[in-house]
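In structure tokens below, several structures.
Common to both upcoming complexes is subunit A, partnered first by subunit B, then by subunit C.
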Partner chain A sequence: MRALLRAEMLKLIKQSKTYYALAAILVIELLIFITAYYQGTTILDLLLDNLKQSFYFEGTLLNGNLIMYIVLNSLWFNVPLILMIVTSGLVTDEYKDGTLQTVMLQAVKKWKFILAKYIMAVLFTVTVIALMMLTTFILAYSIFGKGDLVVYINTLNFFKSADAFRRICWAFASGTVAMVFYSVASITLAILIKDSAKTWIAAALFLIITNLLLKVDLGISALNAYFFPKLIDTWQQLFYFETNWLAIGLNNAVLLLYCLALTVAGTYLFNKKDIG
Partner chain B sequence: MRFALILLLVLTTGIAQAQKIDADLLRIKQRMDSVQQFTARVILDLDVPFIKMPTKTAQIKYAKGKKMEFSSHDFVMLPKRGLDFSLNEIFKYPFITVDRGTETRHGKLLKVINVIPTDNRSDLALATLYMDTRVSRVVESEINTRKNGTYNLLMQYAPGSSVLPANVEATFAIERLKIPLNFMGKDTKIDRKQMRGMETKTGKIKMRFENYIVKLG
Partner chain C sequence: MLTGNNLSKSYASGKALDDVTIRLVPGQICGLLGRNGAGKSTLFKILCGLIKPDTGEVIINSQRPKPIGGIIERPGLYNYLNAYDNLKIFAGIQGAPADAGSINQILTKVGLPLDRKDPVRNFSLGMKQRLGIAIALLNNPQCLVLDEPFSGLDPIGVTALVNLIVSLAANDHIAILLSSHLMSEISKCCHYLYVIDQGHIVNSGTTNQLISEHIHTFSITANNLQTAKTLQNYEVKHGVNDAKVICHARDIPTLLQSLLNEGIEVTACTPELTLEELIKTTAA
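Entry: the complex of A and B
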């Protein structure tokens, strides 16, 4: 298994797609930074315009914590899409290049081979989010400094700087679980579809439908609470003024169970399927 | 002719009475004017329906004739109205007072007066002041302004003869927020009915003052 994981890591490091993905995420970050630098004050002024009639403001809200929160919002679509494209490639490239048959000629168990793909997808996802978090922290704090965070989720919620930082860290952790779910789903889709372009379309569709279903009332309370599209926004709950830690923990645990279920289903399907 | 003379007499007597500025208010003003400068730590608790904010602290610095200065490590929102302990805004332009008698509030017998500015430049439309004449303090006020709406102030003082309040509660009308769509979290639900109902809301800010350093003139 270790040798398989090492081989998968080597493939990931060697392929240019990985670096394109990392560069794309950094470009998104940079665009957010540039927009915030030039338009952040205007947006905040507009947001707080009514309050300015009644209050004097002391301190600035355009700070590193706000930038990190905006970067976190790329977890809705941009980042999962990039992750799904790269991770599905772990399987589809094997089909496309015909390397799958070569590997299967060796004394490699099919379930072990595909499990190594899943594990590598998870590791890659965690690494990308960690890198994203680290670069955002360094750039956001060095350019914009510390300060209180303001977030609008039904009410205008203010968090003190230290509290905001703590919440952002937890949000990145919770967001990582959601991103792992997308990566695992994309591997499963790749097993089903095999073709890379078709898998990308399916992955994008999966992402869009998941985002759409997030807002839809499914009629049954259990579905509204624990159906996977309802869990992908769990990180956002860390910015409610009253944080329900138990619900956040439970949602992430359920999402991890979905990941496990997808992995088991994918491994089973791959094991049953003909390689050709 | 006789009726006209009586009417003129009544009117002029009324105006003469109304234009007399209340002696208790002048005494309070004189007391307030003795404050040359002060610094204090203020602990703020904001209570606005659509704003959730933790308790904040700030340092305030006042010097007579100067704009009040604030400093804080946090982002703080201080009310534009409610920190005018010296009643400068009221006394800025000529005014008249009308005695409204007495009223018992919070177990205290308070003298009630109306302050009506006589100069159009004043932003003040009408102020109702509730004064504890025994200790020469304004305890409560309802301020109606021309441009900045209405706000109420409730002031509590530490036992003793302190000039400045230990607690101030300012109540004011506040318009609902106009949120740019791109700033909204994805989890935000837009309830138009609720938003329309939130056109104007009443907000409250409680301020607790500590560590006063007052320099009297």
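Entry: the complex of A and C
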């Protein structure tokens, strides 16, 4: 298995599209930074206009913590879409280039090969989110400095600077679980569909439907609590004033179980399927 | 050492293989002839274990970790990697030696240069075929399956690949099954031929046997063939540089002797092996 993972790592490192994906995520970050730098204060003033008539705000609310929170919001659509395109390519490119057939003509077990793909997709996703967090942290703090965080979720929630940073770190960790879920789902879609363009469309559709279902009342409490679209925004719960840490932990655990189930199903299907 | 017994496979579009039996022995080069869509690739994929037959079985008498290697339809390579890295990846994933010495040895064996460090997307088709064979040979398989290995190669590339295939069978005792549309090359390098049509094996035998039994057209090259009296006894189509003589294979020695007696020195006599003839003769 280690040899298969080493091979997957080498392939990922040598492919230019890996760097395009990383560059795309950095571009998103930079755009957020530029917008915040030039228009952030105006937007905040507009949002907090009423409050400012009744309360006195000390320091600047446009700070590194707020920027990190805004970057976190790219976990809704932009980042998972890029991740799904790259990770599904781990499988679809092998079909397209005929290398899957060449691999299967070697002394390699099918289930081990596809399991290595899943593991590599997870490692890649974790690495990307870690890089995203690190670059955001360095840039946001060095450009905008520290400060208290104001977040609007149903109501305005305020967090002290140190508490805000802690919550942002946990949110990145929780968001990573959601991103891993999307990556694992995209590998499974790639196994089923094989063709890269069709898989991208299916992945985008999956992402859109998941985001839509997040807001839909499914009528059954168990579904509303544990159906996977209801779990992908768990990282947002870290910015409620009263944080239910147990629910956050449970949600992430269930999402990881979904990842495991998708991996088992994908491996089984791939193992059963004819190649070519 | 490799046997496919009573193999059948159906797709939604119809039956691709119907009760096909095929055998290969070590050191033997076996040719599989057939039109496009005759079932060659399906048979190859079943023999290599890529797809499962509906009925029948594949038996491989080998204790090696990789009993069979091959290229099916086209060599599947990581085009963004160089030849060395391609071999390193494919060797590594199956636990075959992936050190520089072993990889350079296999590159040399298939006649690829050691100093090419650019991605294989820049390689010619012939070089890609050679790299595909190098990957197929990793982990010392006892059997090699090559689907259309000469496709797209220039004559020099074809000759070089034929030499490589013959040397692998003769020196390493590898059983080789290959398909091609180039009948002349197949007849030159194969010991045994199978003819497949519409999913059935319609003809089989040693190459010499099939030529002598089914081939009735021979291309003869010599000076002054137009004036040869001997040829008046045969049905002949004169070409620019040769004459196509229609006769039985058993008549060829007499024909050549008669031409020699006339003072005509034959420089080449080649059987015109055509797929249609091999299929038609059987159907008739």
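Here is the rule we go by: the second predicted complex is superposed on the first by the 276 of 276 C-alpha atoms of A that agree within 3 Å, B and C clash if a C-alpha of one lies under 4 Å from a C-alpha of the other, contacts with A are read in each partner's own complex, and residues count from 1 in each chain.
Convention: a residue touches a chain if its C-beta (ideal position, glycine included) is under 8 Å from a C-beta of that chain, and two chains touch if they have at least 3 such contacts.
Please read all numbers here as calculations on a predicted model, not as lab measurements.
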Comparing subunit B against subunit C, which has contacts with more of the residues in subunit A?
B
With the two complexes superposed on chain A, say which partner A:11 touches: subunit B (first), subunit C (second), both, or neither.
second
According to the stated criteria, A:148 is in contact with first (subunit B), second (subunit C), both, or neither; which is it?
first
Just to be sure I read the superposition right, which of the two partners does A:61 touch: subunit B = first, subunit C = second, or both, or neither?
first
Please work out whether A:196 is in contact with subunit B alone, subunit C alone, both, or neither, and reply first, second, both or neither.
neither
On the A-aligned overlay, A:108 touches which partner chain: subunit B = first, subunit C = second, or both, or neither?
second
For A:156, decide between first (touching subunit B), second (touching subunit C), both and neither.
first
Subunit A partner, complex, touching residues on subunit B are 49-54, 58, 70-81, 148, 172, 174-180, 182-189, 203
Please output the residues of subunit A touching subunit C within their complex, sorted ascending.
3-4, 6-7, 10-11, 14-16, 97-108, 113, 274-276
Interfacial residue positions of subunit C with respect to subunit A in the complex
41, 45, 48-52, 65-66, 68-81, 85, 88-90, 92-96, 132, 135-136, 138-139
Contact footprint of subunit B on subunit A as seen in their complex
43, 46-47, 49-51, 53-61, 73, 76, 147-148, 150-161, 163, 214, 233, 236-237, 239, 241
